Structures are given as C-alpha cells and as structure tokens.
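Below are two complexes that have chain A in common, paired first with chain B and then with chain C.
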Partner chain A sequence: MAFDFYLSTMWSVLKALPLTLEIWFFGIAFGLIIATGLTWLRASGYKLGEYFTRGYVFVFRGSPLLVQLYLIYFGLSQFDFVRHSPILWPILRDPMYCTIVAMALNTAAYESEIFRGALRAVPVGQIEAAKAFGMSAFTRFRLVTLPIALRLALPAYSTEIILMTKATALASVVTIMEMMGTAQKIQHDTFRPIEVLTCAGVIYLLLNLSIARLFAWVEHRLSPHLRPPPEQSQLVKPIPEVL
Partner chain B sequence: MEFLSDLKDQVSTAYELLAAGWGVQLLWGIAWTLAVTVISMLIGAVLGSLVAAAKLSHRGGLRLIGESYTTVFRGEPELLIIYLFYYGGTQVLTGVARSTGSIGSTDILNMPSFLGGVLAVGIISGAYQAEVFRGSFLAIHRGELEAARAYGMSAWLRFRLVIMPQVLRLAVPGLGNVWQLTIKDSALISVTGVAELMLTANKAARSTHHSLLFYTLAGILYLVMTSVSTPIFDKAERYTSRSFTRPK
Partner chain C sequence: MSANIAAAAKAAPSSDETPAISVKDLRKCFGDHEVLKGISLEAHKGDVISILGSSGSGKSTMLRCINLLETPDSGEVRVDGELIKMKRGRDGHQIPADIRQVERIRANLAMVFQSFNLWSHMTVLENLVAAPTHVLKRPRAECLEQAEALLKRVGIWERRNYYPPHMSGGQQQRAAIARALAMNPKVMLFDEPTSALDPELVGEVLRVMRSLAEEGRTMLVVTHEMGFARDVSSKVMFLHKGEVDSVGEPKEMFARPPTPQFKQFIANFNK
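This part shows the complex of A and B:
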C-alpha cells in the first residue's frame, strides 16, 4: 500500500520532469547569451559598459530570485506600454516565459562574473606567446584565450547550473505545474507531505547528481595535460599521513 | 513634460501608501527577515561545525553522514526543504498529538511557520557553512597541529587554542557569502506565512494593486541589506586577520 503510493507519486512527479527541464534549458540558454554580452561589455574597456555590468551584477546578485520573478510577473504588467505592446505582452503575461526571463537575467549576472574571472585567469605568457607568433586578435581569442578560459570557467559554471536546477522549483509559486508544483498538488490532495516531498526530493537529487557527474566527466576529458602520465603516477610514492 | 508629471504622481502615491502604514509594515518585514537570517545562521553554525567535523573524521560512517548531509541539502531546491519542514512538521505534530489524544481525531496541529522556516533555512545554511569550515580547517598549516601534538596538548586543548581561532579567521570571507545566501533564502519562507519582507511586499502589492512599486521597494531593501553586510564582513575580516596583515 505504502509502496504503491510512493510509486504512483514518483510517476506523477516524473511526468512533470520535461516541463522542469524545459524551464531549466531555456533559462540557461538565454542566460548564457546575456552573460556573453555582459562579459563582452565588461571586457571591451568602455567605462560606460563597465558601469552598466557592475550595476547589473549588483542588482541581480543582491536580491532574491523570488523578488525578481514577482517583479517581472506581477510588476511589469502595470506599465501600459507593456500591456499594449504586441511583443512584450504575450511574453510577460505567461508565467512560464516570465520564469524563464527571470532565471536567465539572474543567472547571467553570476555567469558574467564567472567568465570575467576565467578571462582574467588566462596566463599572460600564453597570450604573449600567441602575439609573438603574429596571431591576429581574433585568432588569438579563438585559439588561445577562449579554450583556456572555458576550461577555467567550467567548475564554477557547473555549480551555477546546479543552482539553476534548484531555481526551477520557484516556477511553482507562479502556478507552473512543474515537478515542485505537481508535488505540491499531490501533497494538498493526500495530506502526506513527507512521503510526497521525499519522492520529489529523490528526483531532484538524482537530477543534480547526474548533472554534476556530467560536468565532472567533461572536466576530466578537457584536462589531460593536468593528469600525470599513468606509468609515472605509480612511481610517485604517496605522502605518509602524519596526522 | 507629461512623463514628469506622471512620475510626480507616482512618487506622491508611493508616499501616501507608505505613510498610510505600509512603510511601518515594511520596516517590520525587514526586522523579521533579519531575525530569520540571524537565527538561521546560528543554527547553521552549530550544524555546520558538527557536519564539518564529521566530514573530516577518520571514521567512514561519520564521513558518509557528513557527505550525505551536504550533498542532500545543497542539492535539493530550497523551496522543497522549506515545504518539507513546514508541511512535514505539521504532519508529524498532528500525528503525535492525535495519538496522544491531546487534539481530536480530525483536528490539525500546525507547525509554527517561523519555527519551520528557520529550521529549514538554518539546515540549508548549515550545509554551506560545513563546507566553509572544512575548507578553513584544511587551510591550517599542518605543522601547527603537529607542534601542538608534540607539546602534548589534549584534543580539546588543541581545538580550543590552535584549531578554532584559525578556523574562525579563515572562515570569515566564506561566512560572508553564506550570510548573503541566507538572506536571499529567507525570502522563500514567505510561502509558509512568516511576515518577513517578501510576504509583506506581497500583501501590500495585492491589497493596493501597486505591485510594481512594492516589489521594487522589496528588491531595493534586499539590495540594501546585502550591500550593508559587505563592509561589515570586510571589517570583521580585517579585525580577525589583524596580526597577518603585511607591514606597509
């Protein structure tokens, strides 16, 4: 009986997984586009661009995502021009699009900081060597700066992606029936919150663990130069544990 | 010009609404948010140091417990943990009270929303603080611990005189990050009905139909809270590491 309940809850919540993944995917994709723009603006050297990105990052990192979501979903519709606009209104009256917009804007702030740090961490020697080879600025960026920076940004980026998975649950407060919303509904119908939320929790945890594994694998694949060659690693004696 | 007079209207409505009592309500909201954050940080500090100790332990079982704690509470959506403590707490309390007969078989004993929210946010904060404490412990110079052992200090004495002061110093920047995170998480417990800043803004927005105004205000107030805490933590960092600053 109890087992049947777990199974049916698990199944109902799993049926909402595609919707969660949809919010997740589009939030991350649009966030990446905005973050790229912000990073470019910040790195371009224009004072105005720098002030804008600084302000953007300050605002979106300093306030809770829930406030940003409510502001976009409930707040912006107060403007007449938003309600009469043929482009903005279809986006901003739909809670689904609003969640995606809020998530994308929010994650872009964090990601642009990650990318900025990664760009700054590219060793100067590498760039100098590329210059000495007579590479043009674009070739230098494409062949030297970008690959190194992407590799450096990966660990922090994976953390941000996991934060985004957790943030998709906020869509349930603006009536989206994704995994969290579905779990909420089952919980209200059955009055068994612990069982229902445990089921949803297991799915979220598995989702996050697989994302983490995936990123760890990509990281491992991208850093063969950091691993010791196999025969050498066996020669190195382990440092004795003193404590 | 029309835009300017429009703006003037907006500002005067905002002023009227705030003077009509919503201003005081929002201030109370800030007080509750800060109370929730401070208490959650304290719960998190206790849990975090225990979990950090478990993760650093030599015993495999303790390490496993510590690992699972940080994995679960950092990997689950915050909202889910909050619902689990609030509604789950209600389920447990009701079950216990019904079986002891202190309430009728159809009554419900609700989890106090403040308690549920603070516990949930505190436990999440604890998972992040555990990582901060663990990192700071690992950053302590091994030689110092060996020296303390060589002096024949007991485990407790070593902890009190060598480990704790250094962990606290090294943990300050990390704790600053967790503090910001906890302020932002505290906004989520508005879903259980704790009258903190987010819920107050929500109520104000719904009853006055000025959602833009009140959500913007809430956003600004959160920004003020997070940015005011940055220089405070900077100062704490300077204070705790005063014997380590380079001479000019």
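This part shows the complex of A and C:
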C-alpha cells in the first residue's frame, strides 16, 4: 500500500518536473544575461555604473527571494501604471513570468559578484602577455581574460545554479503547480506529509546530482592544465648543442 | 657619463640607418618616486644590448615603457623610425594617442617575461599560434608549421601538447621565447628572462638566447647574467637610480669600469 502510494506520488510529482525545469531554465538564462550586463557595468570603470551595481547587489542579495517574489507578484499590480501598461501587465499578471523575473533578478546579483571576482582573479601577467603581443582589447578578452575567468567562475557558478534549482520550489507560493506545488497539493489531500515530501525531496536531490555532475564534467574538460601531466614518464630530449 | 654615451654612439654601426629602437629622454614616475629620469637609448639592427642595474634602477620599467606596458610621463619612443604618438589624458598624464598604432608596434616587439606568462589554459602549441593567427592574421596551418619548427629549435617539441604548468621553468621560458619568435619580431625584449629560474635551468635558456644573438637578432635584454652581458651582447648599458650611468662595449666596460657605481655593481656580483 505504502509502496503504491510512493509510486503514484512520485509519478504525479515527476509530471510537474517539466514546469520546474522551465522556470529553472528561463530564470538562469535571463539571470545570466542580466549578470553579464551588471558585470560589464561594474568593470567599465564608470562611477555611476559601479554605484548602480553595488546598489543592485545590496538589494537583491540582501533580501529574501520570497520577499522579492511577493513584491513582484502581489506588490507591483497595486500600481495603476503597471496594470495599464501594455508591456508590464501581460508579464506581471502571470505568476509564471513573475517567478522567472524574480529568480532572474535575484540570481543576477549573485552571479555578477561571482563574475567580478573571477575577472579580478585573472593573473595580470597573462593579460600583460596578451597586450605585449599586440592583441586588441577585444581579442585579449576573448582569448585570454574570458577563458581564464570562466574557469575560475565555474565552481561558484555551479553552486549558484543548484541554489536556483531549489529556489524554483518558491513558485508554489504564487499558485504555480510545479513539483513543490504538486507535492503540497497531494499532501493536503492525503495528510501524508512524510511520504509526499520525501518523494519531492528525492527528485530534487537527483536533479541537483545530475546538474552537479554536468558541471563537474565541464570543469574537468576545461582544466587539463590543473591536473597532473598526461604521461610524466615521457622524457624531453636534451637541447641540441647546435641550434 | 656623457663622454661614455658619445663614445658608444661612435662605436655604433652605420649611424645613418634608422635605429630599430630609439628612446629619447624617457621619464616615468610612480607617485612621488621618479623611476626614470630621462633615459635615452638607441638600438640598431643586430644590436644585443644588455641592460644592467641593481634592483630599483628602472631597467624593467624602461623596457616596459618601450612597448607601452607602462606609459612614460614624457620622452619619445621610436620603433623603426616610427614615433609612438602620445597625447594628454584627462588627468594630465600622457596616454597613447592611437591604440591601434601601439598594438601594431607591440606586435613587432615580442616580449619575454621574467615569470614566462604563458597562457596557462592553452597548450604550448596553442600559445605559439594564438598571436600570429589573431594579431598578424596569418593562416593557421602556416603558423602551426612554424610553431613546430620553433619548438624543435628550442628543444621542447616533445612537449608541444603540454600545458605550461606541466613543464619546468626552463622549458616554460624556452616556450615563451619560441612564442616571441613566432611573431617574427623586429626587436625582442627580454625582461629578466632567467631571474625566476632555478640555477640549473638558467643555462638552457641562455643557450637559446645566445643562438638568437648569433643569428643577428635585435635584442634588448634586462638581465643579471653578467656572463651573458659580457660575452654575448654587443653593448652594455648600466642604469643607476633611474639614469644611464654608463654605456659601452662589454669587454671594455667589464675590463675597465667607467664609473665607480658600475665598478661597485660588478664587484657585488663577483663576491
């Protein structure tokens, strides 16, 4: 009996997985775009840009995502101009869009800090070498700064993506029936919180496990230079006397 | 001191040909500290100039001012007769007027750094191919072929697919020299190329540098290697407290130090 219940709950919650993934994907995609803009603004050297990004990070990193989500979903519709705006209203009246907006804005704050740190950690000498070989600022960024910074950012970035997976569960509080919403409904209908929440928890665990593995694989692919050399036994011929 | 410069100028080969590098009255401050107090230098094609000086004498800064890794406060730098154009920035400091010109000139002045500065996320071969393909826009296949030949020449062809952190300092520096050679530079700038190496690895790098000097490359070498300065270079320049203390023929300079400062300097090395 219990096994059947587990199975059916598992199945019901799994049916909501695509919706969870949809929120997750668009949240991190738009978040990445905003974070890139913020990082650029911060690195551009303009004082105004720096103050703006500092303020942005202060607000969106400093307050709970739940508060931000409520403010966007329940709060903004209070204003007449939002309700009458042909652009804002179609977005902000839809709980799905609101969740994606809240997640993107929130994660962008963290990611911009991750990227800022990674850019600053790129060794000066590597950039100087690129300069000394006549590379333009763009080429330098594309060939040297960005590839190194991405590798430095990846571990922290993957953690942020995993946090975002878990944050999708918040969508349930604004009526979205993604995995958590579905689980809660079953729980309310059956009064069997342990079974239901365990099912949901296990699915989240497996989801994050695969995300973590994926990032670990990417990291592994990108960092052969940080591992021991391929064949250490291979000897280098002595430098020829006559060059 | 001025007599020495005049003597060196007389000794220089055919004076009507355009110098590969000409530096005039270079000045540079870091905050209140004046690092370069009006340095002049001329390098003709085929010259190998060793730039000596104790730490803080401004020798590295001078080298870095030539390819604009540091921006000089005043003075002029000409490469192959072409003046690097400068202008006043908003804060009153000098800045390059035309960054495209600077990039074009830098491509002709390949630099070898004290700490190698190979791009660590690229294999040795990729390191050698990156700038020629992306800066000089040469075909990749041709660059690869040249890169392999250069790696054979410096004796690390076997390590062409290695990443820099997997190699010894000497191998990394030889790769860095090959990377510089891949640009077919008019002048090579060496910024203390052996100072970060273990003593037993210095020889292999010096041997490569010596072979470059022998094939007539124009080189400016900031170094602490007295042997190299005395035996390989065509001219020695000694900087002291941001000024050119003495310039001259290496044999002459080492046999009869022209100034007490230089005498003191080599005495410290022979201790």
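Please note the rule applied: the second predicted complex is superposed on the first by the 229 of 243 C-alpha atoms of A that agree within 3 Å, B and C clash if a C-alpha of one lies under 4 Å from a C-alpha of the other, contacts with A are read in each partner's own complex, and residues count from 1 in each chain.
We take it that a residue touches a chain if its C-beta (ideal position, glycine included) is under 8 Å from a C-beta of that chain, and two chains touch if they have at least 3 such contacts.
On a predicted model such as this, the values are computed, not experimentally measured, just so you know.
With both structures placed on the common chain, the touch criterion links A:125 to chain C but leaves chain B unconnected. Between chain B and chain C, more residues of chain A are touched by B. Shared-chain residue A:224: touches chain C; no touch with chain B.
When both complexes are overlaid on chain A, the residue A:79 reaches chain B alone and has no touch with chain C. In the superposition on chain A, A:49 makes contact with neither chain B nor chain C. Once the two complexes are overlaid on the shared chain, A:144 sits against chain C while remaining clear of chain B.
Contacts of A:204 after superposition: chain B is touched, whereas chain C is not reached. The interface of chain A with chain B overlaps its interface with chain C at residues 243. Per the touch definition, chain A reaches chain C in the complex via residues 123, 125-126, 128-137, 139, 143-144, 147-148, 151, 222, 224-226, 228-230, 234-240, 243. Against chain A, in their complex, chain C makes its touches with residues 67, 69, 99-100, 103-111, 113, 115, 117-121, 130-131, 134-135, 153-156, 158-159, 161-166, 171, 174, 179, 183, 189, 204, 207-208, 211. Residues of chain B touching chain A in their complex: 71-72, 75-80, 83-84, 87-88, 90-92, 142, 145-146, 149, 180, 183-185, 187-188, 190-191, 198, 201-202, 205, 210-212, 215-216, 218-219, 222-223, 226-227.
Remark: chain A residues 58-59, 62-68, 70-71, 74-79, 162, 165-170, 172-173, 180, 183-184, 187, 191-194, 197-198, 200-201, 204-205, 208-209, 242-243 touch chain B in the complex.
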